[in-house]
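Structure provided below as structure tokens; questions to follow.
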């Protein structure tokens, strides 16, 4: 089944759903799922609608123009995006030395859980090349120091551009990206932080969790922004711990929740379910 | 804000969302939430839409007729229901000697979590009358034996009719209702079973859970049907247990999950989110 | 069954378990449960042992002296405590206007889940007196302002002393206790904070959780200390939320987790399972 | 740190803990952890104690004899087992075509989470050989039909014996082992069943879960016994699902919980924490 997803994000007004669903059925499209949300505080409307275009009377090449006209006629502005679901997005993975999130993403990809292509893995270490090799994915070693960071990022930009990457997943990358990098990939860099944010922002969250004596640990998938660990949160979860857990136990148990939360966040993003609204996300 | 909810359940066809949302915006209504689902196996369409009628150009009294016409014109048959959200449904509670689910429902009602009226509590014991008295709710004692069951149910029908009851919650009632009763209140009797169904249907689930040596216990809110504990499931949850838990510990821990699962199921029902589809529920 | 609980907390050394278990079996006591933990970082030993004294050859009145001797002989210092489980501790509840934690504690007490007496409820408002009356518990109204705080606490001390209170539960009391108060009841005041600490310490955690756009909310039961919301954590838990939840929804859902976490923490305390170790707790 | 674990399982009587802990400290051993449980219904005592033998005054070779004498003197019978934790147990994995549990076990083993050796993987298909090759583990292909089952098992016995295998994990093996096999490895074959037992024993649990319309799915790690899916349960967990999940979605989501529950169960077994008591397990 060939389908298209339209995401709309505009000021709330009467008749948007009617206009869009009328447009779809008017061209013989059948809606698969339609989800919407209105943020009452800011009077903002969000919609994600997916429809079957196998019998659609508009040719694929003209749908975008038609939606442009539809948006103009109905005044829902420029904030809409169109995705053909057979057009798989390209995900790059940035990784350091920890392998658990990388394995989790690659195993799920192999199992058909992640509807994307993975043309590129970038790392500041050579350690995990054998995993990329196992799956036949290009692994680019871009070492980073405090001095060469800007230059290294230029190398990364070239690699990402060449591979036609749509979005980036920091799978425990352990490096801070520059504002320049984050602006280029605005709301397209997903990071996993190994704590239940906003607790334990920054370095060594498991050590600090141990010191504080908390009874849960957690992980947070969020868009990386210039303010470290303060970007819009996509997904989070926690699990119980006890006084018996050492810092190493927290790190071990944390791997399980980090990889799960990251993969769940990535799935939502790939399914075009994530809207960023201020510093919050709407997941439709 | 005065709102109305329309539930539609019919064979899937193109244009239903467009027709309904066009009808709403055409009369100056603003959609609050719209959720839909299509069951691909049976090609069945489900929709729940809630809209603000404070500026609706159709008077409240005419909305039902207008929807009848809309359904006829668009061929979505007779399976639709209309609810005005300021018209609170009337819930009766049937209870035996266990008080935890009753307390939970009444405390949530008091806290404003349950948008319904509670005109009536029926019990086959006098034990919990003091709780009903505390909240000023009518408490009707209808004792039941194997012999008097049919007669007792006649008494209950009269009580339910007099109170204008819309639906019934069996809050650990511990009695099996007759087919006659269940037909009268088809898919309008919500029961809580103290296990994760389909495991441990019938009597003494905690004792059987202990004997089987399971590591979780659970609870299931479902519509009561003639086949005991086999009706459509609305909500379920589990919690971990260990070898240290005696049967009494399971019963104690179980109270927590029973009351939570039942109240969550009742909330979904009151919000008109529950559709029954064969022996399954669709929750929109 | 009459039992006694011994809690030991001292520097780790060989033979403590042997000495204590030898003492117990030597006097014809049968161990019900024995739990121990060694904190390797600080080389600290913790043990909780409960034994049946129905056939113990030492009379109840002499057990404490015997344990004093045992501790002296085996060098496990002064950090031990002895509790006869038929000697129920006396819990005072401090409450403001929110009723959910109070109800939860009282309902569980009624159901036999909390092995304590509740001689006293103190509040800075009259609102919840009717609940205390319902259960026949003394309800003392002690209004508090910035000006009268010290004086009001003197009143509270007198009430607590008269009632012979062993420990205090702040069931959403919404007032900060003075250092004087907290020193008097050092590690004997249990507070419930409505967030997953250390996130959202202080006021209005649900509002700040909403603003941060987190995908979970939580609650933390901890000992109240002079540093607000920084005391040793006894228990915490979280539950998932979504963009659909308003601040009011968070407050509503939060009630469920607050009351559960508080009651679970209180149960652990009453069972003499909680050891404070620096700013952490050991739960045996 | 070199440690030894003693598991004791006998009729409850006074003084066992004293005798064992006296024995340990008497030979200059230091207890790391001691856990015990008494099943009151059957008056059965269970204990797991781990102690540091780095300064133990008994040589390693004599410990077993000394414990035999200790057990005889104190009448705790023949039900005890002794494990030196630097003596890693040997685990064989049996697998069919599903790779998720196999990957999970091997990745955790690589990460140091599973304190065992894996000398052997047996499969009735060639499909997953590349994974074994990746980790350099022997992969033995033993095809099975209804006709050759007894013969195939003889081959398996030889392979298991040659490799000195201590216990077997059925990582979604999809084959029923004969009573002969299960007797040879009594309570040493761990299976993962893809439902929350006792619900959906036998084939196709996800299909039946879908048909029943449950709102949770689950997984159960248990010892395989002659009665299919009725053996002692080691660990189980569930996760919520909704009407939106197709059977394929359940299978996908199920993979996550199957592998986690299986690995958690295997960890408990490897840590010598699991006692079988009738058809239940005690986890110390």
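Order as written gives the chain letters A, B, C and D; numbering starts at 1 within each chain.
The definition used in the following text is that contacts are C-beta pairs under 8 Å (C-beta built on N, C-alpha and C of every residue); 3 or more make two chains touch, one makes a residue touch a chain.
Computed from a predicted structure; not experimentally measured.
Peer 1: If you check the contacts of subunit A and subunit B, which chains show up for both?
Peer 2: Of all the chains present, those in contact with both subunit A and subunit B are C, D.
Peer 1: Quick check: more C-beta contact pairs at C-D or at B-C?
Peer 2: C-D
Peer 1: As a test of understanding: of all chains, whose mean C-alpha position lies farthest from that of subunit B?
Peer 2: Computed centres place D farthest from subunit B.
Peer 1: Determine the centre-to-centre distance between subunit A and subunit C, using the mean Cα coordinates as centres, and give it in whole Å.
Peer 2: A distance of 42 Å separates the two centres.
Peer 1: Suppose each chain is reduced to the average of its Cα coordinates; what separation in Å results between subunit B and subunit C?
Peer 2: 38
Peer 1: Please list all residues of subunit C that touch 2 or more other chains.
Peer 2: 37
Peer 1: List the residues on subunit B that touch subunit A in their complex, please.
Peer 2: Touch residues, subunit B against subunit A: 12, 14-15, 17-18, 21-22, 24-26, 28-38.
Peer 1: Under the definition above, what is the set of subunit D residues touching subunit B in their complex?
Peer 2: 37, 39-40, 196-200, 211-216, 218, 232-238, 240, 242-244, 246, 277-283
Peer 1: Once bound in the complex, which stretches of subunit D touch subunit A?
Peer 2: Residue list for subunit D touching subunit A: 100, 103, 107, 111, 113, 134, 252, 255-256, 260.
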